[in-house]
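What follows is subunit A paired twice: with subunit B in the first complex and subunit C in the second.
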Partner chain A sequence: MFQLTELQHDALIEIFNLGVGQAAAAMSRIVGDEVTMSVPMISFQSRAEVARTLGSDEGRRICAITQHFQGAFSTEAFLMFPEEKSLEIVRLMVGQSLSLEELSEMEQEAMSEIGNIILNCCMGAFANAAGKELQGSLPTYHVGTGDNILGVSGKEWDGVVLTLKIDFNIERHHIYGYVAFLLDMPALNDLQRYIDAYLAKLMG
Partner chain B sequence: MTTVLVVDDSKVSRLLSKQYILQRHPDWTIAEAASGEEAIDKVEAVGPDLILLDLNMPGMGGLAAVDQLQAKCPSARITLLTANVQDATREKANALGIGFAAKPITEALIDEILSAFGKQ
Partner chain C sequence: MQLSLLQGVLKAVRAGIIVFDAEQRIVLWNQWMEQHSSFPADAILGKTFGEIFPDMVDGRTHVALRAALQNNFASLLSQTLNKAPFPLFANAGDAAAGIRMQQAVHVMPLEVESLPRHCLVQIGDVSMAVAREKKLRELAVELESQTLVDGLTGIANRRRFDQHLDDEFRRAKRNASPLSLIMIDVDYFKDYNDNYGHQHGDECLARIAGALCGVLHRPRDLAARYGGEEFTVVLPDTNEDGALQIAEAMRAEVESLKIEHAYSGVAGCVTISLGVSTLIPELAAKTGSLIHAADRALYQAKRTGRNCVVVYTDSKN
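And then the complex of A and B:
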């Protein structure tokens, strides 16, 4: 069974918190409003549990922007919102200058760019903390249930998956969403080595 | 007359950059390209004073396009405008002698870029 030591776990939370703080600041600049974030959640889950984490027990449809990152370790990154909120988020991003038709036309593309910014903020913190570069793919946009979204990564996700998840809330507009990063077993071993390198760097 | 070439595969990013620049300078000309290759193809004809260059695009990325953009239009100032906030990316921009600005594109960020360009 894969396990992180208490020190490795704390280090992972610390780096993730840094990234989340930057992501919250970026999201706040995008929507021009305050964005609050929850405490990061780290858990080891089965595929079925991950699908529920990404979606809901009721199989509600969500809008997800996904990106694959690789380098010191690899991960599938997800930014998710309720499907019905995405147009409102794009409106907050571009302001009132576009018609509803124009807004709808650029909805997917604008959401992809938001995902690109938010997910890169989080991964940038990981890259900078240990001085190790991570390469990100182009963002892709999907709508579906948690299980659908999990399927688009092309991975089987059999065995244990590490899920890093953070909830965020744009309270004034009643918009909530979350960011999640999934790592399978080979990626977990790389992540452990990455954290050890980060701790070694910290301790000189 | 000042001309800016906005290079980004994201239509909304091009739209925001264009909108914020034109709000400040309605007489400027804004040209657009959706990839590094397209930027290289049109840079001589456009003759930009400033190039806002995204990094992560389909095909040739922004950094890979810098050498050819500089060769074809040596007088243009280039600022990398990217979601990639990694130190390694900033260092690569520094090494190439170009500016660096982190997305999201906001009015304040465009002010900063134009101020560094000396035309705010």
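And then the complex of A and C:
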């Protein structure tokens, strides 16, 4: 599987931590309480591997918010949680709930907004570091297995998935989720080039 | 032709549409916005976001506007997390009362030919959906409380009792600990109802329920309405002696309520009869045997004069 050099890897983690830091600040303002977020690790995996991590083999349902980004490079971005975690996050953020097994229409929209904030901040931090522009779409909300959502059973695809594990702390509750970017070969090459340019700039 | 068509659409569409230029100046403000805000387009075109919405500067909407203009990112502002960011009102009455319309807001970058990037803000009225979900939430809460709590007395209902007894029965089996059950019947309750009326009958049951609960102090003890004028009490980790003491305390407590009952065959006030059974459940034991034994003891208590407690003893002994 695709690998970054240690330097590239560290730079990317730093950029994404900057991004989720901004997202956490935005979410703190919404809930009026401290929300913290960090990215402890990133990895490159195949779609099937990511789906397996998300419990696809056991038929576990996840909740995903997706956005399309294009420009400097093209990618499909996902924020994913096990379904019950998304209920927990919305309940913590909203403070009330229908106590149904699924999110209501309005709660789904709230979840979409949370995804929108996080994905925009991650990609914003990256675009900023790369000095390039990315165009982001509105978020859409999905529920299904990791297989369904990542389109594993779809057509042949030679790309990799860049996954970020995200740790959330909301009102002393600890929740983790994943952000994933689908990257085909050209996107992967672009990504690597931008990181190198960023590193070169840092080194002066 | 094309232009007048587009203008017609902007005028007719049932959503708020605002377009900001690269300097955050308003360049489009559709009729829906005029209708639901206090601003006609003439008064507002050319003004900046900060001039028109001073309260919203650096707020979530403003941040989203900047993200669209500077970073080319679209944002969604949900009603749930943002309530009503813009000062928009369904009608003049709401405007006077300061009740804002519930909003879902989409903020999107907009490419305009030969000009720097603009930003489109779309506002939808989601008041109906919010009201519907509020109603649904209320119903869900009501349903939840209805299903486990007895509507008349406010204590646990039959369903809750069944669940609790099952749980405690399993626990007692695992720990080989004693589990006691008390079945309770209000003496001459039919005569009470017939003479004092159902409304007083209901009040009487509610007071008895309160008295029964007052005797219990441990978190896993549970008093429930079993049906009609019958109550039941689950006492985990309680042997026969302990259960007898609690049953006797309950009998005395109800008697001390001194609810007048001139038609009682046993006293001048409302009283109860109680049957107690205790079991250390074996592997094959079922909750039914415990209930059956307490029922038998209660039957015995009624036969032996009412307003008393009888402990079930296996007839083989």
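Here is the rule we use: the second predicted complex is superposed on the first by the 133 of 204 C-alpha atoms of A that agree within 3 Å, B and C clash if a C-alpha of one lies under 4 Å from a C-alpha of the other, contacts with A are read in each partner's own complex, and residues count from 1 in each chain.
FYI, a contact is a pair of C-beta atoms (placed from the backbone, for glycine too) under 8 Å apart; a residue touches a chain by one contact, two chains touch by 3 or more.
What you see is a predicted model; the values in this text were computed from it and never measured.
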{"item": "First, second, both or neither for A:M37, with subunit B first and subunit C second", "value": "neither"}
{"item": "Contacts of A:V143 with subunit B and subunit C, given as first, second, both or neither", "value": "neither"}
{"item": "Touching partner for A:A110 - first (subunit B), second (subunit C), both, neither", "value": "both"}
{"item": "Most subunit A residues touched (candidates subunit B, subunit C)", "value": "C"}
{"item": "First, second, both or neither for A:N120, with subunit B first and subunit C second", "value": "both"}
{"item": "Partner chain(s) touched by A:G131 [first = subunit B, second = subunit C, both, neither]", "value": "first"}
{"item": "Subunit C-contacting residues of subunit A that also contact subunit B", "value": "26, 29-30, 90, 93-94, 97, 106, 109-110, 112-114, 116-117, 120, 123-124, 127, 133-134, 136, 138"}
{"item": "Complex interface listing, subunit C residues touching subunit A", "value": "60, 63, 67, 71-82, 104, 106, 108-109, 126, 129-130, 133, 136-137, 140-141, 144"}
{"item": "Subunit A residues within the subunit C interface of the complex", "value": "26, 29-30, 67, 71, 90, 93-94, 96-100, 104-107, 109-110, 112-114, 116-117, 120, 123-124, 127, 133-139"}
{"item": "Subunit A residues touching subunit B - in the complex, by the definition given at the top", "value": "22, 26, 29-30, 90, 93-94, 97, 106, 109-110, 112-114, 116-117, 120-121, 123-124, 127-128, 131, 133-134, 136, 138"}
{"item": "Contact set on subunit B toward subunit A in their complex", "value": "9-13, 15-16, 19, 56-58, 83-88, 103-104, 106, 108"}
